[in-house]
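Here chain A shows up in two complexes: once beside chain B, once beside chain C.
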Partner chain A sequence: MRQTASIISTYTADVSGVCSALFELGGMTVMHDASGCNSTYNTHDEPRWYDTDSLVFLSGLSELEAVMGDDEKFIGDVAEAARELHPAFIALAGTPIPMVIGTDFAALAALIQQRTGIPTFGFATNGMHSYLSGASQAFATLAERLVQEPRERRKELSVNLLGVTPLDFSVGPMVGSLRRRLEAEGIAVASCWAMGDSLENICRAGEATVNLVVSWCGLAAARVLRRRFGTPYVVGAPVGEAFTHVLAEEIRAAARDGQDRLPLTKRPPAGPGDLTLIAESVTGGSLAAAMALEQGKRVRLVCPLETEDGFLLPGDVRARDEVELEPLFKEAGGIIADPLYRPLCPPEVPFYELPHEAFSGRIYRRDIQDFIDHIPFFEEKRKRS
Partner chain B sequence: MIKLAFYGKGGIGKSTTVSNLAAAMAQQGLRVMQVGCDPKADSTIALRRGQALPTVLELVRQGSFALEDMVREGFAGVVCVEAGGPTPGVGCAGRGIITALEKLQEKGAYEVYRPDVVLYDVLGDVVCGGFSMPMRKGYADEVFILTSGENMALHAAANIAMALDHFKDRGYARLRGLILNRRDVPREEEKVAELAEDLHSTIIGSLHRSETVQEAEELGKTVLEAFPDSAMAEEYRALARQVLGQAGGEQVC
Partner chain C sequence: MLTRVNGPVDDTGAAVAIKDASFPAPFASGLEYAAPARGTWNIVHVGMLIPQAHQIFVCAQGCLRGVVLTAAEMGAQERFSTVAIEEHNVLEGDLEELLVDGVTDILRRLPKRPPAVLIYTSCIHHFLACDLPLVYQRLGERFPEVDFVDCYMNPIMRKSGLTPDQLMRRQLYAALKPRPREERTVGILGNCFPLEESSELMRMLRGGGWTVRDIHYCRSYAEYQRLAGCETFLTTFPAARAGGEALAQRLGREHLYLPGCWGYDEIGRNLDTLAEALELPREEDGEAVERAEEALAAAHRIIGQCPVVIDYTATARPLGLARLLLAHGFQVRTVYADSFSGEEKEDFLWLQAHAPELTLRPTVQVKMRLLPRQRPEKTLAIGQKAAYFTASRFFVNLVEGGGLYGYDGVRRMAQLMLDAYLHERDTRTLIQVKGLGCGCCV
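For the complex of A and B:
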């Protein structure tokens, strides 16, 4: 059946993506929902919930408020909380009920901003898209609304890391590894969107030489920053030493000529019979490129999430539903995926676990590998002739 | 691009009036798009010269489709679109309007067809959030309400104006005026003038009750096409000029 997940999990939804992207920046994010989105978020989607303070709330939308279209309570509650808590910004994130009744989040955000004087953003998320879509909207809005016009560019070669959330990089050592790999290549990290960095620093992102899109949800922000300040962007995560070197060369070239670059597609194409990686397109494509460079592997990327056509190679596949994924699993020389994909894998095909927070939440967090630092080795079974 | 929405009580003659206005504006040399926002999907029927037009929601339900699938060029080159809606008695017509208008925008309809004027012909009363969609930022900039002197029509007009007033802080479309579509009831002009005054608005134009309109409808055409030399055609042309004048149309003429 299409659009059905009967034996595998589903990815974190867009509303949690908004919360995750903005979690550390001192703003206040309000999910407009009856209840449910909050417990999904803090139980499954947000590993920082219990040890990092953040103003993430749920509106408690009632049946009657939804039926009567009573936005005033929501507006009043958000404004009152903001007056008490003084957030740096306010973000409103939609869920399925407001989607069904057609809540106009852009208009509500404008009204709340009028009342509070605090920059307010409305995101028409609806739970029907993945976390990448929500995080992408949140990052793009920061780039549009909060990043300031730079007085001057930084002198040293520097990048903003765009698209960093625990949903793709978890809360272990991976974010530190992203920085360390680039710094080892002589590239400074001007800001990290948005883990381990301040809103103040992110507001100065216009000063960086190049933007580095490390997951798809950073792409829209990179395009906004290109339009606003002419900053070129490079797409790829610094996975392993050899691919990071390729990436660093592309960053230097982009800094010289101002052209955008896509090094994550610099890998040999693969197809049925090869190792098959189920992953987010930028981190997955980068890992595949790194495995090709360091291990001589051909890796076919299967992307079940939002992406761009240009991020995939011929032979890679966009597939989301079980009905689409099952035949790909059968023909693979080995599957590398989150453990919750295992039920789709036939017994004769080797299955290698690569836990992904956005797919299995906290279940396998302890087993999440820092593939930025160390590329795991996966052996495909002998290729079919 | 001028974007105008027309509201009014069901059966007041919105689709007939909007189609004739579209034809009149197109004959003035403007590129006009008419978007029917009614599950019945019959707003543009008099313009389409018998061409079938799948609704936007029918196409969405079928799966992938192109922009040109949801558009037909009608009389005088008017670009016709019908939002459509669920089967009567089920689903949510208001939400349907939202989806259809979002899809129209997503498919780049305004960029590709580059209309000078977009006319949204919206079902009856503003019964829920979906029917206020054409008023929202990014859609219509101005709203015109059609009414006769009949009490129910006046009541519906007052409700629509109330919705617009409710949304005034949200950057939604503004009420630009009333259009009197005469039914020849007693004290008709006086009653509509009273309403206009109550709403701090004006009657920007009026149409006489005329058999010509029904005769054109029998032929499945607009008055502008079927009886271009009639007095009624001239009334529609005059109303088109008044509407465009109110909406800053002189900039595009």
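For the complex of A and C:
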């Protein structure tokens, strides 16, 4: 891997993932950085910034503080802001220089919690991983630290939606569609991590019957909740009617036998010559499965982000930079991807736009399709022989 | 409508009457908030001013994200590339190799070799003592036909010497190669907007037979190189001054710093300096002052007692502008700025004496996230942050002075204020556009 991009974009980084995951929950998230991470986050990664007064701030780390290892300025500033603003919790997120100087975020969090009496979490993000990594750490910490022991399970079949951020689902109708599709199958949504829901409700997530991981960043939280409360999890997003029905059956089965399930891999394998989808693995795999069920398509998934080996089928590929992606584009029967991937697509290969906020930010936000509600139709150029 | 996820706060520590304020930093430093006003230029926008040049940013994914999307929103992706630093590079200490090989890989894959490449290194290179001279030597050997320019995205150094903004405005001219002096040519450096042709400064230069060169007028890299032939360099924006001095010293030329300002005395002194240095005829200021006064009076007749608020992104001299407007009867209520340049000291003292209740407010202090923005009365804002913090739809959409200069700048500001007062704008849409004037597809 050459780590170069001559023309394509880059995905939202881990530090923004932490902020995005916790944005609506009434906490205070502090990026420990000199400058830049905040404007990147709130310009390109956070569509709710203008209209929601969430407390996301920057520490303003200076060269002198970094060289001298002066953590006291950071601790004092965070404690002072917390005293003024009374957040429900405090989250600290690291960036490249704190990593280089070996900042101990767990220790900083413990000191700040001691000083403020407010639950405080430290995330050793460093801006070198994707948003999925940061959001995953944030959700897992909520599951570990804030979700309460349930007094009893909910009577009705219910799920927590784990891994919902605008970076994968934007701020349009998609989150509502997630809920609606499940409710149409008779499955209640106990909580949504973490859009359109409250911290109080999320703290009661232990009462749900099953956890539904709708993007990779919800997986770690699902595993924590399994360990703590024995709640099984199912991996897949309710894309389209047919796949949602499959997913619902798996949720019912998981509720019955307590086993984890991976329905997003219930699709035919694909390879060169087939439609190729560049996407996050859970949403992408679910869309591919839905296209197979409803349109008879074989879709090869190319995942440029963190995922699990078990989420991909033989023929699917992990590829991150242009050098790895270019040959996959050339052999594809059609590319379905964010528009900022288009420059890599040879002219003879059809290119279908599927804007992804985590890649192109706000540029194509108005064109983001609610593929949960309606599966777009893409026609491949060449059929497999 | 604003969604509240937190409780209300008071404005203690986030507002101070100027009579009680300290200079140049009226507010305690702490955690920082960023308001969603995007009009100021960043280092990508500034670097794109060099025609035909290509930018390569070398940093962590998190740092690349903002700049790559800046370029994409400008529609300039084909002039922009990245090399991502990963954890293993930090652990193995191979930043030099990554830089040389990464830039080489990109240049070999570009459809056309650019004449100049701006390489932006980051805080990590500084902290890990990356051997940048070695890197540039190697790249120069591999690509002798390319001018490599060392640029910096290292905000951690913003309090250590030149800020990244100052550095960028200096490095914007680092690729200029010495060439023979061209008689009666002057280069204006480091502005995001060319100075208005109607300004006294431009009219004096043109009228005196001087050729004015500015990177904004350059359409090719060859034209850009002609800047090096200028006899004299001018800077008018504070962040450009260090770059102007450095270039003049390197090429053995004169440099004049004639800062944009709002006070008639200082404007006059700047024009005197220009006339003396370039041996230009010095017109009487009477008519220009009269035109400025007429415009201010005309604006005041309409705007009347409407509250006016100003922020530091509209002009490098927000206190100077507040002083000018207060002296002409406008009801300036608030100036939004986190600190002031030393150039503002005289205006600060004047305002303490003559407008002691003028409120100063920060833009990054954490309470600014929560304090109410809606005002009970119509408010005229000058600058995007002022418009945001007052939820005003009547605002002058201007950053970095917008090319206004001199008495003519005062006249035009009065006209812009009147226009803003009379015409409601879509503040939410306008202020979220990055790099005002750079072109944005959002």
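Convention: the second predicted complex is superposed on the first by the 382 of 385 C-alpha atoms of A that agree within 3 Å, B and C clash if a C-alpha of one lies under 4 Å from a C-alpha of the other, contacts with A are read in each partner's own complex, and residues count from 1 in each chain.
As a convention for this text, a residue touches a chain if its C-beta (ideal position, glycine included) is under 8 Å from a C-beta of that chain, and two chains touch if they have at least 3 such contacts.
In this text, all values refer to a predicted model and were calculated from it rather than measured experimentally.
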Larger contact residue set on chain A - chain B or chain C: C
Which superposed partner A:Gly60 touches (first chain B, second chain C, both, neither): second
Which superposed partner A:Gly69 touches (first chain B, second chain C, both, neither): first
Touching partner for A:Ile101 - first (chain B), second (chain C), both, neither: both
Which of chain B and chain C A:Leu111 touches, first, second, both or neither: first
Overlapping contact positions on chain A, where the chain C interface meets the chain B interface: 100-101
Complex contact set, residues of chain B against chain A: 92, 94-95, 98, 128-130, 132-133, 136-137, 167, 169-172
Interfacial residue positions of chain C with respect to chain A in the complex: 1-7, 9, 13, 29-34, 36, 38, 59-66, 68-69, 72-73, 77-78, 80-87, 90, 98, 101-102, 105-106, 109-110, 122-124, 126-128, 153, 155-160, 366-367, 369-370, 428, 432, 434, 441-442
Residue numbers on chain A that touch chain B, as the complex places them: 69, 100-104, 106-108, 110-111, 114
Chain A residues touching chain C - in the complex, by the definition given at the top: 2-16, 24-26, 30, 34-40, 42-45, 48-55, 57-64, 66, 77-78, 80-81, 84-87, 95-97, 99-101, 126-130, 321-323, 340, 343, 360-363
